[in-house]
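Can you keep this structure in mind? I'll have questions shortly.
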Amino acid sequence: MPFVEVNITVGATKSQKALLVEGITDLLVNVLNKNPSSTQVVIKEVGTENWGISGRSVKKLREEGKTANISKT
Amino acid sequence: MPFVEVNITVGATKSQKALLVEGITDLLVNVLNKNPSSTQVVIKEVGTENWGISGRSVKKLREEGKTANISKT
Amino acid sequence: MPFVEVNITVGATKSQKALLVEGITDLLVNVLNKNPSSTQVVIKEVGTENWGISGRSVKKLREEGKTANISKT
Amino acid sequence: MPFVEVNITVGATKSQKALLVEGITDLLVNVLNKNPSSTQVVIKEVGTENWGISGRSVKKLREEGKTANISKT
Amino acid sequence: MPFVEVNITVGATKSQKALLVEGITDLLVNVLNKNPSSTQVVIKEVGTENWGISGRSVKKLREEGKTANISKT
Amino acid sequence: MPFVEVNITVGATKSQKALLVEGITDLLVNVLNKNPSSTQVVIKEVGTENWGISGRSVKKLREEGKTANISKT
């Protein structure tokens, strides 16, 4: 029954996304004892110019080399 | 006032999407007596590699012909 | 597979909510040919002081009898 | 800590999006005394054929010149 | 930067929720190399009468003992 | 047409919430030239035990006095 929405910036590879879906599903199944077939995980990728932190877009923060303080990638 | 977010995998046609918007709006207007002009329905289409069920992407499940158990389409 | 989030203000009755869940599921099954058992509809009820239209809370608009212009209820 | 999701139809310019991110962050920082570095604003752009008002897509409403009643843009 | 929204029905214990937050954060940090301090996980608990599967509320499905087919809990 | 979902932890006062709704609506009207009557802002308040940062709940971080690094409130 659980529905998980994962919001990330664009750039994850197919295998990274597969690992997220698998890992989050496993967690919900193990921790909450949910049925995997009704556990859904959706990844929503957002452009870096559409994601703001500290009032500025991630795109801009990355251009200025300032994202290191906020996010490694 | 209602706001409805419909999450589906990509692939719906324009006329299918129009039917969803019309049908859901009619329901809210009829059941909850809402004003149609303030009833909003948004369809968010998600790539099949970004939607996971049972810990695997719909893309993979479809390639293996296993989605029949989970979803007809 | 579809996941629908219905945002409304608090106050719907149990039977109204049951009609919404049933009606929206039927629509998705009929229009998109989805499997009903993987079609999920979640209703999120929001307090009227937490929902704003035209820059003011629905609570306030209702107190002033102004919501008639925006929503019947 | 706040996370704000702004749903709009496609068409905003980069500078408009930057103004939204900056303005909403400033508001949260000033009104709620939140730390800007943990305040995130995400803009989700939706195609006009995927956004319905009054039971019809914004795309159709605009083609018929009827959106003026509902939204200036 | 990631923001994860976990939708579940009410009933999870504090320690279960702590395990979900910890596990999902670890996944995002390990798989996507994200900074943990900007990784946020929010759990939204929904009443069983507000969550529908197969066109009926989880509350009803559980009363009829039919949820076993859909979810273990 | 815009729909904005503001996720915050519980604890904001009525007047703070009114300021958020008013300020965000003004921004959307001014920056995107949207009609205020179709601009909706919804505030979703989340319990501190349901919001995780750095893999731990805000509730716990606050008890340990560690939230100062992450959020002022």
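Chains: A, B, C, D, E and F, in written order; residue numbering restarts at 1 for each.
One rule holds for everything that comes next: a residue touches a chain if its C-beta (ideal position, glycine included) is under 8 Å from a C-beta of that chain, and two chains touch if they have at least 3 such contacts.
All values reported here derive from a predicted model rather than from experimental measurement.
For the pairs C-F and D-E, the larger set of C-beta contacts lies at C-F.
Between chain B and chain C the centroid-to-centroid distance comes to 15 Å (mean Cα coordinates, whole Å). Annotation: 27 Å between the Cα-based centres of chain A and chain C. Distance between chain C and chain D, defined via averaged C-alpha coordinates, is recorded as 20 Å. In chain F, 1, 3, 7, 24, 38, 40, 42, 44, 51, 53, 70 are the positions where the chain touches two or more neighbouring chains simultaneously.
The set of touching chain pairs reads A-B, A-C, A-D, A-E, B-C, B-D, B-F, C-E, C-F, D-E, D-F, E-F, using the touch definition from the header.
In the complex of the two chains, the chain F residues touching chain E come out as 7, 44, 46, 49-57, 60, 69-70. Within the complex, the chain B residues that touch chain D are 14, 17-18, 21-22, 24-26, 29, 36-37, 39-45. Every residue of chain D that touches chain E in the complex is listed here, in rising order: 1, 3, 38, 40, 42.
Of all residues in chain C, those touching chain B in their complex are 1-9, 12, 16, 19-20, 23-24, 27-28, 31-35, 38, 51, 53, 58, 70-73.
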